[in-house]
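Look for chain A in each of the two complexes below; its partner is chain B in the first and chain C in the second.
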Partner chain A sequence: MIVVQQAVYMYAVVPANSRLDAIPAPVDVRLIRAGGVAVVAGDADVAELGRLNQTGSDAEQLATLATQHDAVVRAAMSAAGTVLPFRLATVLTDDQAVCAFATERSTEMKALLERLADTVEWGVRISVDQQRPAQSRPESRPEPAAERPGTMHLARRRRELAEAQRQGAERSDAARNAALELRADVLDTRPNLPRGAVLVDDVYLVRNPDLPRFLDTADRIRTRLAHDGLQLRLTGPWPPYSFARSEAFHV
Partner chain B sequence: MTLQSTTSREVAGSAALADVLERVLDRGVVIVGDIVISVLNIELLTLKVRLLIASVDTAQRMGIDWWVHDPFLNSAANDAAVETRQLKERVAELERGLDAQKGG
Partner chain C sequence: MSEQAMVAEPGALVDLLDRVVERGAVVTGDVVIALAGVDLIRLDLRVLLVGVSRVVAGGDPP
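So, the complex of A and B:
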């Protein structure tokens, strides 16, 4: 086991001809050029990362690190146009290791950079609106002095359950159709599995020229879904975190 | 394309932390292999970080809580509480009636 005090933190890969002078980065970053690409890198705070690795490390530290990572990636994207973001805390031993990595993966990274040029990532999550329960749902009201309260109770529960199931199916359909409509305007989609109240959780890669149309569609769909008690949450633009993956990087 | 453009919708605020974490922890280029620094157990690091996120308490503090609320479960739970209260009131009423009969 080698013990190191200093290491190189990698934020993103950018095209080789990129310049960093425009990066208003919150941390000191530099470009390491190799293999026809450039790596946006900084000094890794080994001690800090080590603390994060300990059990009981506080959430604040993680939040700070994540926010900082995202800020540098965004700044790099603004300056370079296209980025391949690294996952949080991707650290190599030294500049030589970074050069070796970049040279070895050069072909795949250049192809990915080309594919991601002039695109941004957007997240769309469609979920059941917690603030607006079913409009047609019968109000539960106190029963008048009933002859058979138990039987009436069960009958009412059955009706409510059937109604909830019908409405659930309707909402799932509406959410699925909305996702299909959105996918028509995008270059690529990374769908995540629906779970619980979240019916659609898609990540889209959108070409910048298509962006106004995509956002219009999203606004229109949001209004439509609101009538069904569904909420559309749009986040973006993101650097293409979800589309920078390539199996080729797993050596 | 400047990412801090006017088209930016929800990312600016601190509410976006959950979205940021989701992306920087689970997405992005992952490299695995002998050239990756191993002394820090960086792969272990990322695993730990994920465990941290998986802790419901931590996640909620960070604003990640969408899986906690199932509206059907919640509304069912609320309804059940109302029903229980009504039935208890009914039992109490009947018992009062019985007591009154015994007393009378």
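So, the complex of A and C:
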């Protein structure tokens, strides 16, 4: 274990030709150039970051750090056009370690930068809209005369269950088809497992030139899904956090 | 359809933390600073989100 007070916080990697004065970041950052890439770095307050590891740590401190991290990554992305974001609180001992890291992993980082060039990330969640249930089909059969109320009650309950099952299956199909349609317009997809009312939880890597078409498709699908009692929630644009790694960089 | 960031809605902080804590490029190795025997890069997302749910009114549950 290394015990230090000051260290280097790595926010992101950008192409080597990026310029520092083009990155109006909310905190002091510098570019450390090595291995044919440039690392967007700043001073890390090790003691402050260390408190994050304690259970019951200040949630607002975490929110502040995460927001700041994201702001620097976004500033780097808009200035450089392409960004490979690091995870929150990626801290190396000193500039020398950053240079050694960049040099050693140069090939992978350059390949990732190339892949992420001019892209953004969007999140799409499709869930059952609890406020606006889908229109259920009108009862086709009139209720027979109430001669045997118990039997009738059971029959009605069975019909209701069958109807709920049919509606559930229809919604699942609609959500799945919507995801397939959206995936056609994107460079890559990271699907998360559906859970509960969330039927689709996808993250998409979208090329900027394809963005208008992607957003149009999402808009159209949102309207269509609303008729089925489904809600499409779109978040973005994000820096491509979800596509920044295939495996950890070990140095 | 606007291309602007839609990060002002409830639950946006959870989406942000999910990304910056759980995803992003990860670095491991001897030059990574460790505190109290735990790599900073291995912050526990669940522990963090429990804390975060307190500051996100109306946010998605962790």
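Just so it is clear, the second predicted complex is superposed on the first by the 220 of 251 C-alpha atoms of A that agree within 3 Å, B and C clash if a C-alpha of one lies under 4 Å from a C-alpha of the other, contacts with A are read in each partner's own complex, and residues count from 1 in each chain.
Following the convention adopted for this analysis, a contact is a pair of C-beta atoms (placed from the backbone, for glycine too) under 8 Å apart; a residue touches a chain by one contact, two chains touch by 3 or more.
Because the structure is a prediction, the values reported are computed rather than measured.
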Item to complete: Could you classify chain B and chain C on chain A, in the superposed arrangement, as clash or fit?
Response: clash
Discussion item. For A:D219 in the superposed arrangement: first (chain B), second (chain C), both or neither?
Written reply: second
Item to complete: Kindly classify A:H69 by the partners it touches after superposition: chain B alone (first), chain C alone (second), both, or neither?
Response: both
Worksheet item: Does chain A have more residues touched by chain B or by chain C?
Response: B
Worksheet item: Once the shared chain is lined up, is A:L88 touching chain B (first), chain C (second), both, or neither of them?
Response: both
Practice prompt. Pick one for A:S78: touches chain B only (first), chain C only (second), both, or neither.
Written response: first
Worksheet item: After lining up the shared chain so the two structures overlap, which partner does A:G123 touch, if you call chain B first and chain C second: first, second, both or neither?
Response: both
Fill in: First (chain B), second (chain C), both or neither touched by A:Y204
neither
Fill in: Partner chain(s) touched by A:T235 [first = chain B, second = chain C, both, neither]
both
Item to complete: Could you give the residue numbers on chain A that contact chain B in one complex and chain C in the other?
Response: 1-2, 4, 7, 13, 46, 49-50, 52-53, 55, 57, 59, 62-63, 66-67, 69-70, 84-93, 97, 100-101, 123, 211, 215, 234-238, 241-242, 244-245, 249-251
Worksheet, complete the sentence: Note: in the complex, chain B contacts chain A through residues 1-5, 7-11, 16-17, 19-21, 23-33, 35-42, 44-46, 48-49, 52, 58, 61-62, 66-67, 69-72, 75, 79, 82-83, 86-87, 90
Worksheet entry | Residues of chain A touching chain B in the complex | 1-4, 7, 13, 46, 49-50, 52-53, 55, 57, 59, 62-63, 66-67, 69-70, 74, 77-78, 81, 84-93, 97, 100-101, 118, 120, 123, 125, 127-128, 130, 133, 137, 140, 142-143, 149, 153, 157, 160, 164, 168, 195-198, 208, 211, 215, 233-239, 241-242, 244-246, 249-251
Discussion item. So in the complex, the part of chain C that touches chain A is made up of which residues?
Written reply: 1, 3, 5-7, 12-13, 15-17, 19-38, 40-41, 43, 47-48, 51-52, 54-55
Fill in: chain C-touching residues of chain A, taken from the complex the two chains share
1-2, 4, 7, 10, 13, 44, 46, 49-50, 52-60, 62-63, 66-67, 69-70, 73, 84-93, 97, 100-101, 112, 121, 123, 211-212, 215-216, 218-219, 234-238, 241-242, 244-245, 248-251
